[in-house]
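Note sheet for the following structure.
Chain IDs A, B, C and D follow the sequence of writing; residue 1 opens each chain.
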Amino acid sequence: MMMRRLVARTVLSAILLSGTAMAVQAAGTLKVSVDSNLNTLDPAKMKGGQEYVAAYLIFNGLTVIGHDMTVKPDLAERWERSDDLKTWTFHLRKGVKFHNGRELEAEDVVATIARIQDKATGSTARVNFEIVESMKALDPLTVQFQLKSPYAGFAELFGERQARIVPRDAVDTLASKPIGTGPFEFVSFAPGDRIVLKRNPNYFEPGLPKLDEVIVRILPESSAQVAALTTGELDLVWNLPLEAIDKVKADPKLKIDSVPTSTWDGVIMNNTVKPFDDPRVRKAVAMALDKQAITQIALFGNGTPTHSPIPPSHPYYNKDLKIAKGDPAGAKKLLAEAGYPNGFEVTLHTPAGRATRERLGLAVRELLKPAGITVNVQRVPFDVFLKDIEGKAGFYIDGFFSRPTIDTSVYPWYHSRGSWNTALWSYSNPKMDTLLDGARQAKSEDEAKSLYTQVQALAVEDSPGVIPYVINHINGLSAKVHGFHSHPMMFLDLRDVSID
Amino acid sequence: MTDATPVQSAPSRGLLARLPSLPVSLIIGIVLLAPLVVAAVAGGSLAPYPYDEMNIMSRLQPPGADFWFGTDEFGRDVFSRTLVGTGSSLVMGVAATALSLLAGVPLGLIAGYKGGRVGEAIMRAMDVLMSFPPILLGILVLAVTPPAQWKAIVAIGIVYVPQVVRLTRAITLELMQEEFITAARLRGESAAYILFHEILPNIWPPLAVEASLRVVFAILLGASLSFIGMGAQPPSSDWGLMISEARPFVEQAPWIALCPGFALATAVIGINLLGDGLRALLDPRNTGAH
Amino acid sequence: MMTAPQARPAVSPVVASASAPKPAPLLDVRGLTISYGNARGTLRAASDVGFAIRPGEVMGLVGESGSGKSTIAMAILDLLGGGGRVDSGEILFDGTDLRKLPASERRALRGDRIAAVFQDPFTSLNPALTVGRQIAEPLIQHKGLSPRQAAVRVEDLLAEVGIRDPRRVAAAYPHELSGGMQQRALIATALGCEPKLLILDEPTTALDVTVEARIIELLAKLCDSHKLSALFVSHNLGIVNRICQTVTVLYGGVVVETGATGRVLSRPAHPYAKGLVAALPRITADRRHRLPSIPGTVAKLSGSPAACVFAPRCPFAEETCRSRPQAMLTDGDGDGVRCWKADALAGTPWPDEEATGLRRPRTGETAETRSAPLVEVDHLRKIYGASRSILPWLRRAGTVAVEDVSFTIGRGEVVGVVGESGSGKSTIGRALLALTEPSAGTVLFDGADLTQQVKRGDQTLRRRAQLVFQNSAASLNPRKTVGAAMDRPLVLAGRADAEERRKTIAGLLTRVGLPAAYADRFPHELSGGERQRVNIARALATDPDFVVCDEAVSALDVSVQANILNLLAELRDEMGLSYLFITHDIAVVSHIADRVLVVYGGTICEEGPIGRVLRPPYHPYTEALLSAVPRLAGDGPEAPRILLEDAATAPGGRGCAFAARCPRKLGAVCDEQAPPVHETADGHRIACHIPLATLAERAAVFPELADADALPR
Amino acid sequence: MLAYTLTRLVYLALVLAVMSVLVFLVTQAMPGDVASMIAGQFASKEVVDAIAVKLGLDQPLIVQYGHWAAGILRGDLGRSLVLEQPIAPILLEALGRSLVLAVVALAVVAVVGIGLGVLAAVRRGKLTDQLVSGVSYLGIAVPDFFWAIVLVLVFGSYLKLLPTGGYAPITDGFLPWASHLVLPVVTLVLMLLARIARLTRSSMIDVLQTNYVKFARAKGMPESVVILRHALKNALLPTITVLAIDFGLILGGVVVIETIFSYPGMGRLLLFAIQRHDLPLIQATILIVSAAYCLANLTADLLYAFVNPKIRHGMRAS
């Protein structure tokens, strides 16, 4: 009887105090949330931001894109390139060990890249490495690549998310039991629930990481994430939902950390599909869209209007071009010239479950109305979106993460042979091709800057699609968390982080 | 047995004249539903603003003089949206129920009347359908094609076919035992005549009650499907979709969710009461007393 | 002995009567008025009811449905439900007015001092509890026995009510017992706390005749041995005659007559009681005569009666009867009657309709004189629930409903089928109408196989065979008017002219004694008797040759039953109809049938002209059935009753179906071999192992039939 | 009883077999395909084809079905194409979490719902009855997701008393585990309570009007005995059925509630599988969900039969 009462009381107090009780954990444990389930822990196959979070905690690349967006050594402590920009030699850091205790060797790098190149792997990074003619391990700590054509940004490619170096003898179990060289070791993964990671005691950067344990909780509901952050159940909300920013700011126990990125959303018009095959129509759409208003609607102002994937924070950004203010009258005129005096009706597809893109779609619908374009918004499940919409439909909303270099951010979309271009909006202008090819081999920053300035002007003039903004990457965290900096590539860098 | 005071027949008197003796729940139900039906029919013209008109300057406004129930994250008027959404939500319930009745009643009649292999086949098919949990069946149907509201209606309709078939069959079987059916067989009536002239009229009262409950379930299931993105599509102001879209803002702007939530509750309570009232009205045991 | 009409206190001061010093009544009900109320108004169920039951006395409370008899019983138990309430009156039990006691004290009396047994044993026992536990409950509650002590007492009680295997029955669930056993269990429950008063509410109505006889026997024995008083509520005058010392007759919630059973049933004083006694079909009655009947239907009251409640149906009614309520007139013996003309009518019997020229006497024309039989049943066999599943454990041989039955029905002949529930009698009727397909054997109707014709979709022949149902309410579609229900057969018969059909319907309604205007009424607007008339009219609409009457009068009150029986007889005479008359009531059959089949367990035990079947030699089952027929005082001496055991197992197997319950069972031969058929003169056949001569030695159950050749043939 | 159970099991197996074919065909008919899903945005046709070959998606449907069905019969539910893990452990884990939710929620619903229903029936027409009716109306009138949102708002955001999402394994300790269950359970209870209470009430009212209850009263049994021993046991039969079916429903995943509370049960697993177009996972999940649902229905019927002595004994005959 006593016992039963005791238990009852315990349960009651547990329920009432759980908010604070939740915080009782190992001192060095950081609880992070991501907003969507992870499909895989195999870096080569990763496609979503929440997966890259895991990739950067568990793995390393040969190089890494730093917080300043420049390339830095990672597993490779240094590298050389031939003058023709076609032979690249990387020297690996000595004594780096995988989580299973084996030392990293050059053969692992070769195997990793070969695997990415294999079509059956289905890695989205494959196109990046198509440029590789051959590769070989010169010795256990040296690996050399021969390129098909000169490429100045090859080292940056190893900072790409999928190009994480994996142990060549454990590739088959990467998806569920990943082994890397990163600051944290994999402990467990419960799909839909959480990933548990622990400190890698053999991590090659001395004194890092500071945390003992990282728990990545999967919490798709933004309200649940924020509530958990306020109750202390979470220490950090990665990619904080925009609508929660004010609330987190208002809470003295919480703080916001944000950074501009070159991650963008776009209004995609298929240049081969009527009526968007007419540049005047595309131009009219671009004219009618007030980018400032769209940034407000879709991002609640947490982003910056831009012309192309080159962010306004970047030195190459074309400051002389004007951001479109929304001119429905002008758009109407252009439409009339193109043969649509009464406008037209069109279906705009948006991927379901991506809130900003859905808001962008609805904003486009409203802003095009005064220009005489009737837009029907159709939400599509993401798998259907990938299969039937992307690259096929005439009019849809899409978006892309920041790339490590300006070249990788622009070339694939705007060059007529660019990998994304052919499958996105099929834009083709020889002038643009010349500009982009030139920029690839530019010998100086100034030359590159001048070329990219022209690229932006042409992108606005031709409007293969409308890129209204680049997004700020925002994290919400507890005031107890120290040493955290949001990364412009949206990586979750926890090496320096500690918690009270 | 020998009942000397014949009970006045329920259907033989005018509805209006019997108003005082109607079940209270029926009257309350009608009172609750009437404005919703008006909204469903004339929603757009009654709304103070177009349901999809955005206004960035006045987003997330609390309820006030300009916007009676506030605005959402696009600055759209929540009241107007709720009003216009009435049609979508009610149509979803009514159309899906109608569909399940349309498919279920004939199947149930045949299964009950024919019995044997045909009946067995129908019932086993229904068993298979019924072994899917309702929302799962809805999701499955919708997963085959891109979501749209009419597909949600079809999905919900299909989900409820087995229940309608089972009920119809059960009543039919019961009626088949009735002697007036035997009498019809004895005078040489055709199966069609017996089904449609003898059995069907007696099935309607329980079916009407069942249908009113089905409408409730259909509305809620429809809202649930819209909620998980498989029903009505934005910028439609279906209530379930509205509540779903309001989730991220529920703390800053609870009115976006509350307004359609209350509308939904009113509709469901209204129909429930209507069903209860109907049951009381049509139940032969309750002639007179309720 | 009775005085002139004048207002007198309603309750007779029986106790104060000096002429016959009697013990104070155990139960004395005075001025009890009960009404049921709902939103539509009130219905008076009992008005100023008074009666008394002395210690050791069993009083019958009789009346037809709606007379308020059960309501009064429930009021005594304080179990009025459904909006019923006692408006006024006293219920004195052992001198204490129960109505003045708090509810908890009344509850403490229930089951302890006052115990009850209800009509339907099937529903009175809780299906989820063992029988033993249910019997033990009041013992534990009222007598404070421990469950263990109670269990011992339960077995004693079960043994006392004649259950041979008390331990097994105590551990059984209600559905595992037969109806008779269930009713015994209920009686055992009632007896448990040794009550002073038993309330028996139609305790045998739901049971088969042979079971009923045994239960009545048991109750009579128990009341006698335990010196119990009882209130016996029943509609069955014969049963009341058997068990009650006094009887109170109710009509429309009003006591119309009370007195010693023998006197009331042999010399009823009130016109209603006269009619009730007269309308009862009797085996011994001259079946060439119509049954006397009471016209009209039972009245219902909403307030205090303003006139004699029976006046609208009373053939002796005068203007006075309709203008003022009647007072109870009592004499010193406790006899009372609520009719100012009672003395004047003392010698007047209920009017015989033939005498008043309302009905034609039946012509003595015989059916068998005509040509070939209309219906020929040859080795009919019907098995229900047989299953040939692919799953071995689902394969079932099925239940035999009808086992190898052969008989014929001549044109214009009425063949009765008598049997208890489960005897297969209804199945025979349905097979004859092609409503169920025989498992084996053939049914020829007018020389053609009806089943095959219907299967082929040919409905013409079928329309010549119709059915009148037991449940007059269920046999009419509640959503169709009477006219619409009768219109369809005419349409199907190809009668295109709507006006002509309307006339035909009016004619048919008139023929069955209903106003033609009834065509526009809905079934629920009619009384039970009227609905049964509509049923008959509808059956006639197809112009049939043959009608199966399946318990067609069983659900009707006695006064109405007589009406319908008369109508059926008339129709047969006028239209030359043949009937298959299915019933459990051998008295009813004897009144209408030319020939009788006695069925048991799906087989025919005895068959023959009614006059032969009612006289020895009897099949043992027929003999038991006949001996179980209750009789009124004055109908002649009661024969010794043959009481059958409760059926332990369902009939079936190779032997005689009746073997398990047969009081004259010879031995293993009865179980193992099908009985041989003895045939005597006039097509009288008996299927029994006992030699005919031995059977013929038995005394007649109705000796008056044996000598007086009251029956033709 | 045994024969009945056997028959029902055979039916169940047949239903599941038919369903497996259906599920297989329907999933095949889904737009989008797993190979392009794995290949990602703008993969070329060769890449997609290569993946398809690797996964065996190029084989005829009947062969694919055969492999799949044979695997299931061996207890092998296959591998998730997206998660690249065997499905069985993932599914079992999700099923276990759904089971926890189902058991806790139904325990609360059963106790509270039956209690309220009996109370309302006994006090029929009185204030208590109307209160119970009113509360139960509220429960069914407002959709579960609305309740969920309100609960998150009140307990998570304003009061900060309870975690509003996720799941804590029991290994984290009892308190975190229990506290994560509170809100989803309360939502489920609100959703299911009304039906149970109303059903119990109406069947209780029916039973209270039966002859055996009248007879129990005629035996002088106190009202508490009449209600609890005589009436309740019989009145509970339909309630038990509905409870068991609800159990199957929760076990099969309450998609909406699991979504709002980020509860990693069967519902979210299924939604995940559908969104990622992971056919083997979809098929396995649907099959298991349906099997759980069917089993719950079967259990309901068997329980009904077992509690009801009339059916328990009479089963062979029917």
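Here are some notes:
The working rule: contacts are C-beta pairs under 8 Å (C-beta built on N, C-alpha and C of every residue); 3 or more make two chains touch, one makes a residue touch a chain.
Predicted model only: the values in this text are computed from it and were never measured.
At the far end from chain C, in terms of centres built from Cα atoms, lies A. When every pair of chains is scored by its C-beta contact pairs, the maximum goes to A-D.
With centres defined as mean CA coordinates, chain D is found 38 Å away from chain A. Mean C-alpha positions place chain C and chain D at a centre distance of 52 Å.
Centre to centre, using the average C-alpha position, chain B and chain D are separated by 23 Å.
Per-chain CA centroids place chain B at a distance of 48 Å from chain C.
Of all residues in chain A, those that touch two or more other chains are 221, 223, 226, 353, 381, 384.
In chain B, 143, 146, 247, 250-251 are the positions where the chain touches two or more neighbouring chains simultaneously.
In summary, the structure contains touching chain pairs A-B, A-D, B-C, B-D, C-D. Against chain C, the residues of chain B that register as touching in their complex are 1-9, 12, 21, 178-180, 182-189, 198, 201-202, 284, 288-290.
Partner chain A is touched in their complex by these residues of chain D: 31-33, 35-43, 46-47, 50-51, 53-54, 82-85, 90, 93-94, 149, 152-153, 156-157, 160-167, 174-176, 178-179, 182, 259-262, 264, 268-269, 272, 274-277. Of all the residues in chain B, the ones that touch chain D in their complex are 124, 127-128, 130-133, 135-136, 139-140, 143-146, 216, 220, 223-224, 227-228, 240, 243-244, 246-247, 250-251, 254, 257, 261, 264-266, 268-269, 272. Note for the complex: chain D touches chain B at residues 11, 14-16, 18-19, 22-23, 26, 29-31, 137-138, 140-146, 149, 152-153, 157, 248-249, 252-256, 259-260, 270-271, 274, 286, 289-290, 293-294, 297.
Those residues of chain C lying in contact with chain B across their complex are 38-40, 64-66, 83, 297-300, 433, 435, 459-460, 462-463, 465-467, 469, 471, 474-479, 485, 488-489, 492, 522, 524-529, 538, 541-542, 555-557, 560.
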